[in-house]
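One chain, chain A, links the two complexes that follow: it is found with chain B in the first and with chain C in the second.
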Partner chain A sequence: MLRLIKVELFKIAARPRSYIGILAITVIVLLIHMAMLADGKSFLSFIFSTFSQTFDIQGNILNGNLIAFIVLQMLVMQMPLLIAFVTGDIISGEAADGTLRLIAGRPFSRTRIYFAKYTASAIYTAILTIWLGLMALLLGRILFGSGDMIVLKSDSLTVIRSADVLWRYMVAFGIAFLSLLLIASFSFCISAFSNNSITPIIICMGTIIVFTIIGTLDIPFFDYIKPFLFTTHMIVWRDMFYDPLQWQDIIISVSIIMFYIILFTGIGWYHFKTKDILI
Partner chain B sequence: MKALEVNNIVKTYQHFNALDGLSFSIRKGEVYGLLGPNGAGKSTLLRCLLTLIKYDSGSIKIFDKELLHHRKSILQNVGYLIEKPDFYGYLSANKNLEIMGAYSGKMISAKRIEEVIEKVGLKGREKDKVKTYSHGMKQRLGLAQVILHNPDLIILDEPNTGLDPSGIVDLRNFINQLKAEGKTVLLSSHVLNEIELIADSMIILNKGKALVQGSVQELLDENELHVKIEVSNLENAINILSNTACNNHLRTISSNMLELTMQKKDIAGINRILVEKGIDILSLNYKKPLEELYMNLTKTNIHA
Partner chain C sequence: MIKRFSFSIVLFCICCQSYSQDAKAIVRQCNAIFANIKDYSCTINLVFDIPGLHIGTINGKVFFRKPNRFRIRTKGIVFLPRQNPNQLPMILADTVNFIPIFIGKEISGNQPVNVIQMVPLKDNDVVAAKFYINAKGQILKAQISTKENGTSDIVNEFDNNISVKMPSTTIISFDMKKFKVPKMLAVDINSKSAKKGTENTKTTGSVTMKFSAYKVNQYFPDAVFSEKD
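After this line comes the complex of A and B, so read on.
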């Protein structure tokens, strides 16, 4: 199994499209950092202007911790696309290229092949998440320094002590990883059904867009649906930066994310295991 | 010992029987030809043998083991090239073979990869990306991955498609070499001449059923040929032939050409009789025996 995972990782590493995600994250995060270096203070003054009469904000609130938060907020819609772009192609791309029949008639069972590819996809997702963390938080701290972190909610403001920031980020990145793994599992599942590369990416992104729109519309009918949409729970990483921490809500959302990961992985696996490879 | 035994295998797609109770067997060490028109069930059969497709009923035994119960150990000993040779175009031939080696379930050394690269004539191009290869080169790489893990049963589906004449000769030599090494080869092809030249036994499929199967030589010997003979004196020739046993479907084609139906083994005798009676034979020709057999069988069945 390890040998197959290595092979699958090698295949991902050898494809130019795998680096698009890393490149995109690098460019976007660098641009945000540059913009903040150039004009960050006036940007924050504008953001916090409504609170200036209520609070006396002293010291430099423009630090790496806050910028990492802004970066994560901005990338929440792009990251799934970058993930699906690679993971949605892993099975369907091989089916389209004809290489799936080259490996599916080998001694390894379909289950092993599926999970070797899935594990490689999960590792790719983890690498992308770690890269995002390094670029957003580490580079942010190097450029802007550390300090207390002020987070704005629609109607409130949370101050997180500097000593508390790092562990919260670690948990937040862990949750973000699970959310992205959900996307990877979803696109991977569709990939098992498809014989071309584009379909899984389109279905995956279409679903996220539709679910996100439903999630943001304040229509009572949608309130019944929202708790079942995986996109509702994918943004729970933000809750790590609010006080007091609502652990129960976070755990419920993480459990729902994990449920969907298992569901999509299971459906994809069952289909891949039983399907006829005709191409 | 039988290398492959297919018993009453059935595969249905919705209401269409791709394989309809097909049975045949291949002896170890022989080259077995698989023939049939498009849609006859050849590709479905080959995919069933590799578990790419699940069959509905029947059984497949490879080297005396039930395929579905001993899939892993059986497929470790099978090499295959199905349809066109598709590879990871963004990788070199070497890297592709490393991947295939990993998937073969055996430890494949760099030296072995070098050996097979040399054997198929890709030495010097092994580090180039496969997307830069011609079809013929990809076909060679396809053959390299077939033999990479030294399998005993080799399944080739239309391996000569798109090859130039020298490539076809190389392929023929390659298969003959495999046979000399004691490998069993199941060869599906539309090129009847190749099957006639290479195969020991064969099967002709149509609509998922076997129309005929057995030793190539015996089948061809039994088959009747339409032989056209150009002679110096047509009238005399017809008179002479009418009085022989070989007067089956004797008819005139033109002012100096006649046609009659006979088995291949009788051609020499007819030739001798005519010459002894003072008739010059200006030309004698017939369709390739396998082509004749194939056309007769498939035409009859398609019309039926």
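After this line comes the complex of A and C, so read on.
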């Protein structure tokens, strides 16, 4: 099994598209950092204008912790695309190339093949999440320093003390990884059904865009649908930065994410096991 | 008729004069407490109750030096009210720019208080200041209206066990606008909407300052007012 995983990881590493995600994260994060270095203070003074009439705001507001939070918020839409771009191609790409039949002919069970590919996808997702964390948080702290963190919401601000920031980020990155693993599982599941690599990526992105639009619209009718959409729960990492922490909501959302991961992985695995691999 | 009218005016002037005399005596008693204090430092504990802002309590240190140098030093981000707690004795001591008027007697916090209105004589940022002063000359309550920062209520509590006649707790309350920024600007996309009935509609905030470990007229360098935290 370990050998199979290594082979799958090598295949991912050999594809140029696997580096698009890392490159995109690097470029986006660097651009945001540069913009914040240039105009961050005026951006924040506009946001804080309501409070600055009444208060004298002291302390290093524009620090790495706030910048990392802004970066993560901005990458909510892009990260799933970058993940699906690679994981949606893992089975269907090989089916399109005709190499899937070759692997299926080897003395490995389809279950082992499927889960080796899935584990490689999960490792790729973890690498991308860690890279995002390093670029957003570590580079942000190097450039802007550390300290207490201000969490921006459209209707409120939360100040988290510096001693509380790092562990919250660690848990938030853990939840973000699970959310991205859900996308990886979804695109991987569709990949098991498809014989060309574009279809899973398009279906995956289309679904995320539609669900996100439904989630953004404040129409009462959608309130009944929103709890069932996985995109509603994928942003629960953000709840780690609210005060007081709503652990119950976080646990429920993480459980729903886990349920979807198991569901999509199970559907994909079942189909792959019984699939006719003709090409 | 003219005689009666003149008599009324004279009576009114005498009343005003006597009320002003009363007010001046009360203000003098109040100023006597603060007159001996050239500078002080103490520890502070800040508790915030501000609509749209979730911030925990924070500890710090307060430094004050006459005439008006004041600084609260804390480690980390803090939202400090623009009203300086020492503004109250400073207004009372300012006989050039303000004139005290005795308004009456009231009961505040189970004790009788004298209500004094400080009226600005010249163009001033403070447009009105009302003080509630007890028999010991302590300011228990004040209402300050300024051009820059609106109206704020200040309530002082005194601990009889400490020798320094400075407040042990000061609560500053103020009106403020509801905090709202566009979702795109706060990058608050796809967030869960607030549950119905839980939206924050409060527009009055307060900051509670608890002072302890006063060190009065004990040397500290001027640098504390300008050093970076």
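Note that in this section the second predicted complex is superposed on the first by the 277 of 279 C-alpha atoms of A that agree within 3 Å, B and C clash if a C-alpha of one lies under 4 Å from a C-alpha of the other, contacts with A are read in each partner's own complex, and residues count from 1 in each chain.
Assume a contact is a pair of C-beta atoms (placed from the backbone, for glycine too) under 8 Å apart; a residue touches a chain by one contact, two chains touch by 3 or more.
Since this is a predicted model, take the numbers as computed values, not measurements.
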For this session: Identify the partner contact of A:Ser42: answer first if only chain B is touched, second if only chain C is, both if each is, neither if none is.
Result: neither
For this session: Could you look at A:Gln248 and tell me whether it touches chain B, chain C, both or neither (first, second, both, neither)?
Result: neither
Exercise. Looking at chain A, does chain B or chain C touch a larger number of its residues?
Worked result: C
For this session: State whether A:Thr158 touches chain B only (first), chain C only (second), both chains, or neither.
Result: second
For this session: Figure out whether A:Pro16 sits in contact with chain B (first) or chain C (second), or with both, or with neither.
Result: first
Problem set entry | Touched partner set for A:Thr216, first chain B, second chain C, both or neither | second
Problem set entry | Residues of chain C that touch chain A when the two form their complex | 52-56, 58, 72, 74, 76-82, 149-150, 174, 176-183, 185-194, 199-200, 205, 229
Problem set entry | Residues of chain A defined as touching chain B within the complex | 3-4, 6-7, 10-11, 14-16, 97-99, 101-109, 274, 276-278
Exercise. Can you list the residues on chain A that touch chain C in the complex?
Worked result: 46-47, 50-51, 53-61, 70, 73-74, 76-77, 147-148, 150, 152-159, 161-162, 212, 215-216, 218, 223, 226, 231-232, 235, 238, 242-243
Problem set entry | Complex contact set, residues of chain B against chain A | 47, 50-54, 71-73, 75-76, 78, 80, 82-84, 86-91, 95, 99-100, 102-105, 145
